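The structure appears right after this line, and notes come after that.
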Amino acid sequence: MRRAVTTCVVLVAGLGLAGCGSGSSSPAASTTAGGGSSASASSQVAGDITVLAAASLTESFTTIAKQFEAAHPGTTVTLSFGASSALATQVTSGAPADVFASASAKNMDAVVSAGAATDPKTFAQNVMEIAVPPSNPGGVTGVESLAGSGVKTALCQEQVPCGATAAKVFANAGVTVKPVTLEPDVKSVLSKVTLGEVDAGVVYVTDVRAAGDKVEGIPIPADVNASTSYPIAALDDAPNAATAKAFVDYVLSAEGAKVLTAAGFEQP
Amino acid sequence: MTLDARERQRRASTGGASRRPPAPLLVPALVGVAFLVVPLLGLLVRAPWGDAWRILRESQASEALRLSLWTSSVATVIALVVGVPLAWLLARSSFPGLRLVRALVTLPLVLPPVVGGVALLLAFGRNGFLGRWLDEWFGLTIPFSPVAVVMAETFVAMPFLVVTVEGALRAANQGYEQAAATLGAGRMTVFRRVTLPMVAPSLAAGAVLCWARALGEFGATITFAGSFPGRTQTMPIAVYYALETDPDAAILLSLVLLLVSVAILVALRDRWLRGGTV
Amino acid sequence: MSSRGLDARVEVRRGGFVLDAAVRAAPGEVLAVLGPNGSGKSTLLGAVAGLVPLAGGSIRLDDVVLDDASTGAFVEAAHRPVGFVFQDYRLFPHLSVLDNVAFSPRVRGRSRAEARAVAAGWLERLGLADLSRRRPHLLSGGQAQRVALGRALAGSPDLLLLDEPLSALDARTRLDVQAELRTHLAEFGGPSLLVTHDPLEALVLADRLVVLEGGRVVQEGSPAEVARRPATEYVARLVGLNLYAGTADADGVALEGGGRFVVPDHGERGEVLVALRPSAVTVSAQPPGPSSARNTWAATISGLTLLTDRVRLDLDGEPSCLVDITPAAVADLGLSAGQRVWLSAKAVDLEVYAR
């Protein structure tokens, strides 16, 4: 079933978001020329690593992984994206992975308290935005619009960071939103918007930017918006510990920050 | 070699030869059984029996279970109403493109359910080529409703019924249908009074297979119908979500699903057996 | 032109096989269709019942056209007033005996209660009233056969078709059921077509015989005629006669396979058939002296088979011959395979008739 969802996300994204990664990655790719400085790591940095990352990191981590592979010839980064909560469960169940990047401190804490990782570092922050189909069929103007019963809204379910953060936004704004569906991760919410099946979805700023002109973003004012922070850690049982550490360092480096900022993330 | 009294009695009464299976069959068979049963034992062993009642009450299990039971039952009824005539058509008629139709009808058997969900979305979604008109003319939107759950389950499960019933129709002795015709029964009467009763056991088996498949449906449902507690969140989706946050609840929900499935399968089986011998 | 009863000229093609046969049966007449496997007997019944459409010819019952290949007229099986008793009975396994018999009246429009009353009446007549609530799989062969007959008759057909109705029964049951069937066929007012490969069944049950071979009618006539003067080797074997083809002249017949029979006063000329009963031939170990038998010839024993009360000898000679003698005679003469013997037959036992 887990695989089914992953397939689902990839497939829906593939159908609905064709080319979504290219908009954000091409400016980022042009910055790779300066990436050589961190390549001073020891010769142990080689071989394959598996990185489990929150779905909202799909585009930026794909770019970062490419740059990392270029900076460290002989390395291959395998990326697996999904809901942070699902990935955390995988890690604590002993999935063979090297790095975990979560979209919330809560899911990382679960991994740390399970003894699977130590000393996570926050590398980015993300705020929420309302994504609507380009024609804006629901006439959404802000968070208040979502409270109307005529507006079909998709949210992440609350166990997932994007769902928990959206709930904070609604609490801040003092509105009650009745979604039509609670999706397993943020990319699923976004694909429901790009397919036009819902009038609005509450997703991260970075997702709206990554989707390009497939969706229109309606910003949420700073005074009601909420953010989630992204911690990353090399896993204690990482099969390739040296490369895992190098990858974490690269994400935390200036090169990593550049890609993340270009994708719309805020630095912590 | 020796024969004990019980084995002597059995062979004498059935006239059968030894029923002791040869090792090359027995060993793989036992491996197969173990492979299927061990994961279920895993559920039983890991289940938090002490807190079971409290966890289940808090997990909205009954809501998801009720939704799962009625949607899979409705899906089965639809599959019967549409699928049995379809099976008859595939088994008994010939028209150009029959092979293609058969291939298309059985496609959901091999298609990943998620792909089915995407296809349903693109056809019946609000922007789908059919769903668009439903929305425009009648204000009907199917996704994210229990109707979508039923459709997703029917899409994935109906082929099981069609394939089972078609096979039975093919295997059925058409001599009985000829006999009914010579006795004055028209084609529809033959179908109703002779064909259907004769394939009844396969019909029941197909319906149960279909129902069980619908009950377990996950991929097409979450893609086409989404997930909202009480409306579109079926048991399998509830189990999946629970696994991420509260594995204990997931284990208990799985056990409930297992219990319901086993109970219904056993109940139906008993009924058929009685019906078959009287 | 107008005629009651069945009047059918049936032409059906199936792959390379062609059935082309004309049969007629008057009301109350039982016509047996006799023939080897693959001769087209069952196809003939299927065509009359409407299960197999004609490629040529037509089928009329009491002047109603049921099928006519030239006009395209076709009455569906369900609308033909025909009762069909199948070789394998085909009793519906999901219905009780009563409901099996009630099936035809019910689907022809009677209420359930009426149909069951009709069925109960038939079960009573057939002596099956005790079995009315049973399922078919619990019936003995003979019971199932009677139920199948009752089911066919309960629809009040104008024509009865029986496809090897007794062939699935063991020998003893067959005799009982055969006697009953004879009574019921006699009571039935319409024509009956009885397909069989058992000559005894045909002789006992039928008023007239049609012999089919390779899709064609090779002989037609009363049972006595057919039994006495078989037209083909197949029929001769069925009725247990030696049959020879030959050319007749004034005082005998020159046989095609070699040899000659002396037969005075037979009145035939040209191509004829000669039939000879195996029991009418005498066997001697020595060349016989002068006797009343006009035909004597030498032959070699190629086989001996014990039939219940006699021994059948297979003899090679001119002509070859089957001969029945008593086991005692076999012992007295010390006969064994490969032995040379002398055969004699009286001219009066030779049945000569035109081909």
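We call the chains A, B and C, going by the order they appear; numbering starts again at 1 in every chain.
Criterion: a residue touches a chain if its C-beta (ideal position, glycine included) is under 8 Å from a C-beta of that chain, and two chains touch if they have at least 3 such contacts.
Keep in mind the model is a prediction, meaning the values are calculated, not measured.
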- [ ] Starting at chain A, find the fewest moves between touching chains needed to arrive at chain C.
- [x] 2
Task: Pair joined by more contacting C-beta pairs (B-C or A-B) - done: A-B
Open item on the list: Can you work out the whole-Å distance between the CA centroids of chain A and chain C?
Closed with: 87
- [ ] Averaged over CA atoms, how far is the centre of chain B from the centre of chain C? Could you give it in whole Å?
- [x] 53
Task: Centre-to-centre distance between chain B and chain A (centres being mean Cα positions), rounded to whole Å - done: 37
Task: chain C contact footprint on chain B (complex, rising order) - done: 173, 175-176, 178-187, 189, 193-194, 197-198, 200
Open item on the list: Under the definition above, what is the set of chain B residues touching chain A in their complex?
Closed with: 112-115, 117-118, 121-122, 125-127, 141, 143-144, 218-219, 222-223, 225-229, 232-233, 236, 239-241, 243-245, 247
TODO: Going by the contact rule at the top, pick out the chain A residues touching chain B in the complex.
DONE: 1-2, 4-5, 7-8, 11-12, 15, 83, 85-86, 88-89, 152, 154, 157, 159-160, 179-184, 192, 195-198
Task: chain B contact footprint on chain C (complex, rising order) - done: 49-51, 76-80, 82-84, 86, 88, 90, 92-95, 103-104, 107-108, 151-152, 155, 161
